[in-house]
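Common to both upcoming complexes is chain A, partnered first by chain B, then by chain C.
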Partner chain A sequence: MIESLFAGLLTGGIYALVALAYSIIYTTTRVVNFAIGELIMIAAMVTFTGSALWGLPLISALVIGCAITVLINLVIKAAALSRLQKLDPITALLVTLSFGLLLVTGGQLVWGTAGASFPSIFGKIPLFNLGSLIVTTQDIVTIIIVGVILFVVDLIQHRAILGKSMQAAAEDQEACGVVGINIGWINAVAFNMAAILCTIAAVLIAPIAGANVRIGTMVGLKGFAAGILGGLTNGRSAIVGGLIFGVAESLSGYFFGGESKESIIFVVLMIILAIRPTGLWGETRWQREA
Partner chain B sequence: MEETFKGKIIVFAVACCVLLLAGIAKAEIKVGLGNVMSGPFAAWGLDAKAGMDMAIEEINAQGGINGEKVVLLARDDALDTTKAALQAEELIYKEKVVAYFPSTITGSAKATGPVCIKAGVPALLGAQQSDVTCPLTGVGDKPELCSPWVFRFGATVSQQADGLVKIARDRLKGKRIALMHDNIGYGLEWKEDLTKAAANNKVQFVASEMFPLMELDHTPSLTRVINANADVIVVGTLGAPAARIYNTMRKLGMKQPLLLCEAAIELAFRTTAVDMGEGAYITSPQNSSSVPKDPKFAEFTRSWSAKYKNIGYTDVLTTIPTAFQYYDAMHYLALVIKQHGKDPKKIRDGMETLGPYKGISGVTYIFSKNNHNASSHLPSQLFRFQKGKVMPVE
Partner chain C sequence: MSVHPAYQAESSLWRSISQRAGASWRSLWIVLAIIGFLSLPAVISNPYYMRFLEIAALYGIAALALSLVYGKGGIVSLGHMGLFGIGAYISAVLSLKFGWPVWIAMIVAVVVSGFAGWLLALSSARLVGVYLAMTTVAFNIVVERLIVQFPDLTDAAAGMINIPTFNLFGHLLDLESFYYLILLAWLVSLYMVHNFNTSSWNLVTNSLRETPTACLFMGNSVPGLKVLLFVVSAIIIGGAGVLFAHMMGRLNYNNFTWDQSVVLLAMVVLGGKRELLGPSTGAAILIFIPIFFGGLVEYMNIVYALIILFFLLVTPTGIIGWIRRGWNQARVFLPQGREWKLTHPVYSVNYARGGDTRPIVEVVNVTKTFGGLTALRNVSLSIQPGQIHALIGPNGAGKTTLVNVMTGLYPPDGGDVRIRGTSVRGKTPDKIALLGVGRTFQQPSLVAEMTTAENMQVAIHHRLRAGIVSTLLGLPRHHRMRAAARSEALDSLHAVGLADAANVPVGQLPHGYQRLVEIARALGVHPRLLIVDEPAAGLAPKEMEHLQRLLQVIRSNGIAILVIEHNMEFIMSIADWISVLDFGVRIAEGLPAEIQRNEAVLAAYLGE
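Entry: the complex of A and B
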């Protein structure tokens, strides 16, 4: 069981990164960016292309992958946060969804569907055994990176002026403009932070799942579900939601088998949402106003 | 008077030219292919098309069939069964194809089969596929699905399942065999057929684990397999998920033989698995060896990797059973048309009477009036991944 618990914590950490990417954009702009999963795919595939096909050092390829992911997310921001957002958030959501489909289709045209092995930046040197599981450098570095990133983002969100500006933007974008907060810039920062989180998630997932154009679909969906579980309106809740989701998924697989694990986890999610519609620790606007 | 006569001559000459051009334009034999060529499963359809393209190039280079060029009309159904059926209707009724090659993917093939049957056009199934498209037991058991118009070149899943269980038990010496399969139709069908095959061979799986196709980490399922003391793991899924099982097994330090079904021979397994899946086993009724002994087959694989290097088929990764089944099916069809003409009814009759046909990989296809499963007599062969190559296990 210890193996499944550890594996659940690792995937939960990745879900937490993805949930946080959703949360940052949502809390700042009130837009759910459904292209997050596909941004993960783009980051993984561009990094793979730079490293394996162009022969660049993995770190350089990663920087290029991150830059392209940021650029694409800025294009999505421009489309989703134009007049569409003011018209209807659902329309903005559909725009992000369309971008996601476009990215997958484009990805298939560029990279095909076969997929490839993705190297681990930190190697997979066996360190010690946990039950029958061989814990490698990749696992330990994943835990460290996820921990550090989540801590830094939390610090930015709750301690830095930038984070407070983002919270203010979430409350009332027009009022922020009146007091001199550059809303366009704040929105761009939120989208950029999410894109960077997607890139980090990509380099942690790809050595496990391989680089392929389908890599982001389920991770994006589960990251979103994890964010909903914790509460998308709060970064910390999204992180805890990710960890809970990963561990619950893994342990239900261990105890009940693969046939029922996804059903179990989504049934639990539905029950929680029936009791707490805003997620375990999420807040509604009226709660904050009160 | 003279002008009228001249005018008649001009009209006659123009009419002759039109008839001649029409004759030239008609001097071609159209064959149809409907397959998935975009989306996550595109590789399967593109492999099939590549195999047919290669066969048609060879046929046309030798002057076509009875002087007529062969033209392939391929349509991408994007895994949409309704679209697949409509495209088959378009190819059959509008384009007048003389034979139709249904999709590699069972669902689409099942949707286009009835269109061919209704129109009276032979349907040539190139790939190994679910039983539902044409049952192994022969023509007539399921008349709505299998008819005298459907011809299967690839083996059925049930036929392969039987071979897989026997190999796991007899050649890999499995006494406690575990089954893992994905949660899409393909994996579920493998589960059903493998479970039946296990019962027929007096084998009981000690664990049966289903997993989502895009599962990142298989630790929980494989931990259950370890706890069940399994000594062989049989897997029914596609290439990439099989690779992720392989990767997790390595991480868990598992040494049990991993036995994969034929679909895992696709590129995605070796390109996604650590060390290109070194040591994993795979079964196939086809001769899937990366190092063919037959010079003709060796030449084919060399030409193939030279032609399709741009889509990832390097020398090491050249193993494309789907492609060479479609390749064989196209050549078989060409022989039938050569002998019987291009009327669909005569093609259908000729398909049954051509006699044994040796395909490019060395397997022999046999059709008859009572058997439209040309691979039904082929035993499953055992291969192993070694340094990225698929090597036969003697």
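Entry: the complex of A and C
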């Protein structure tokens, strides 16, 4: 029980990172970038290629992976963002979904569909026991990284001028331009922050899920579901959504067996949305637009 | 070269000739196409291609079902392959594992798909946009996981094999005879959707998608419509799934994952989401492309993605819509700058006459606050039958808020509104409309691409409609109701003097005429109270005169009219009684002459 709770919080933290990536782009530009999951896959695969195949030091491989992820996300932004903002949200979602489909199929062309194991960055040295669970360095490092990142992003969103500008950009991009906020720059910052979050999520999830081109889709979808559960319009609730899902998943595995883990999130999501149409803490004001 | 429908109206002889000619050409094409499809098995002797043809037809049905929800209703569903899978698996499991007769298994499976569609629709009826899309994805994933989680029944990831085929008139269906059955199913589903498209259900659904608020205020339950569309769609796609299971003889859950729902959506978008033949065209193209790609099937996703991107961003009407537009542009001749004749308003109805001496509407001490702002404070007024009651006040006085409370958009925080004795509390706007409240909007809220007469039918639909089953099956009632609704639509247009513009897409009418169209539409709910919100804004003097006459004619039928307006000259010449709001408080009421002299009113308008 305690073990599953702990494991659930770990995965939940990773979902929270992904949910936050969606939320940052959404709260700034009003666009759901459904390619996020595949960006995670790209980050993981490039890092893997750099370190395992080319023999680069892991940290340089990671930097390359991050750079490429950021670059791809900027290409998506440059190619489509201004158009997406004019489309209705559903069409925009389908367009970014297609970008994701292009990325995953492109990934198949480059890396094939076979999987490989992904090295843990900080090793899996056992530290202490929690019930029957052995807590490793990987776990502790995950907790620290997730905690620090979530804290920093939250600070940026709620304390820094940058966060205020992003909020303002969400409200009315044109008006922001008029009062001297560089909208192109703010949108780029949002996309870059999201891409960096994707890279971090990638190095945390890949040692568990392995390095193959299929890891992105499900993580991306679950992260999005977590964002929706909390309410996409608010970074903090996206984080809580991620944690709820992580815990729900592993507790369901504990009580109902492993098979149920794959669907429990989506059952919970359907029930909660049926009761609260904009997520647990979503703002109803945006209900019509979203 | 033929002419635009609007001009055909000018010559009924020409119209009947061209319509008859068009209809017989169309029947000829349909007959030829059916003969062509029937003879296909003789042409394609290769069973491999026959199988693909059958799959394409079934996906054509599935995509058609999705287009009903996505193209018509504007509701994106990324869970339709889940519904398809439910149909397929229920029928397969019941017939193979439980040994039920195949026919019964098939019927039960279709019913279960419809039920699942109903559940999905209920749980998502209040959702919009990405939230709705996510719920449908979640539904699809739950379905695919359920299939995997019951290996005893579904053989899980390995997939089911040896699903029985069935006897039809003592003849065990093989690959070829299955083709005819599937062809029949495809034609029937096209026929049903064609009937839907030519009924007022289609017009109301267009309004649901383009102007949901207006749709609601014209007496149509918006969530109810969405649920209905979903259920019809689920039954059709469930039927396709059932046929798929028994035709293939084997099933794998891989065919029903949520990314397959994306492929289904690509089919709809490719062919044309609002075209009858669009989804089938898209399905045929996407099913046959992999054959030519040979071994590269796993890279088909690139093709799907590029298709979705191209057709969403460049040609949102899809292939068929694109062809149709080109065809129409070549044929339709539309001269610019034509003026539509305004005829004298003629309106005479009996339902509101005599008897009723009670007020139509009583607003009693209504208070409405938004956060810290009190928009209305203890406002009371009552409106008598056959009275033109004007509501005036400076900008931000709360006039529109009061109308929104009266029509059920906002619940009052205090007090009550009674319409002919019935409280509006707890009633949604569509129910209040049915109590006899019609309204227009400050910004005309009409479906631009529908004709004027078609826009009328949005408000008539709740009274003159065939049930959805009669409509889909094309029963006599469908044709009767269609004719009745059309003729009443023309009557309403005649009433406001715009019969001349009946067959013109309403978006092409000048702004002032669109306001008249809105009044005509509101008459469709058979109002006892007609609320007109700034009807005179932006009207030319001649149109203003016409409007004035029109409102008087409507009043003479015993209908009460509430006018919100800023044009004082207009108000003073037409109103029987005036109420004045300022900062959410009713500061005066009385006859026009009294209001003109009222000091509080002058102060509110001119400042103290």
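Following the convention adopted for this analysis, the second predicted complex is superposed on the first by the 272 of 290 C-alpha atoms of A that agree within 3 Å, B and C clash if a C-alpha of one lies under 4 Å from a C-alpha of the other, contacts with A are read in each partner's own complex, and residues count from 1 in each chain.
Throughout what follows, contacts are C-beta pairs under 8 Å (C-beta built on N, C-alpha and C of every residue); 3 or more make two chains touch, one makes a residue touch a chain.
Nothing here was measured: the structure is a model prediction, and the numbers come from that model.
By the touch criterion defined above, A:Val213 reaches chain B but does not reach chain C.
In the superposed pair of complexes, A:Glu259 makes contact with chain B and with chain C alike. In the superposition on chain A, A:Leu280 makes contact with neither chain B nor chain C. When the two complexes are overlaid on their common chain A, residue A:Val95 makes contact with chain C while staying clear of chain B. Legend: residue contacts after superposition of the two complexes on their common chain; A:Gln108 is shown touching both chain B and chain C. Using the contact criterion defined above for the overlaid structures, shared-chain residue A:Ser117 touches chain B, although it does not reach chain C. Of the two partner chains, neither chain B nor chain C is touched by A:Val63.
Residue overlap on chain A between the chain B contacts of one complex and the chain C contacts of the other covers 105, 108, 113, 217, 259, 262. Residues 32, 83, 87-91, 93-95, 97-99, 101-102, 104-106, 108-109, 113, 217, 221, 224-225, 228, 232, 259-260, 262-263, 265-267, 269-271, 273-274, 277-279, 287-290 of chain A are the ones touching chain C in the complex. Every residue of chain A that touches chain B in the complex is listed here, in rising order: 1, 3-4, 6-8, 10-11, 14, 105, 108, 112-117, 129, 131-134, 136, 205, 208-210, 212-214, 217-219, 250-251, 253-254, 257-259, 261-262.
On chain B, the positions that touch chain A within their shared complex are 38-43, 183, 209-212, 214-217, 219-221, 223-224, 226, 239-240, 243-244, 247, 251-254, 266-268, 271-274, 276, 311-312.
Residues 76, 122-124, 126-135, 137-139, 141-142, 145-146, 148-149, 259, 262, 265, 269, 298-299, 301-302, 304-306, 308-309, 312-313, 316 of chain C are the ones that touch chain A when the two sit in their complex.
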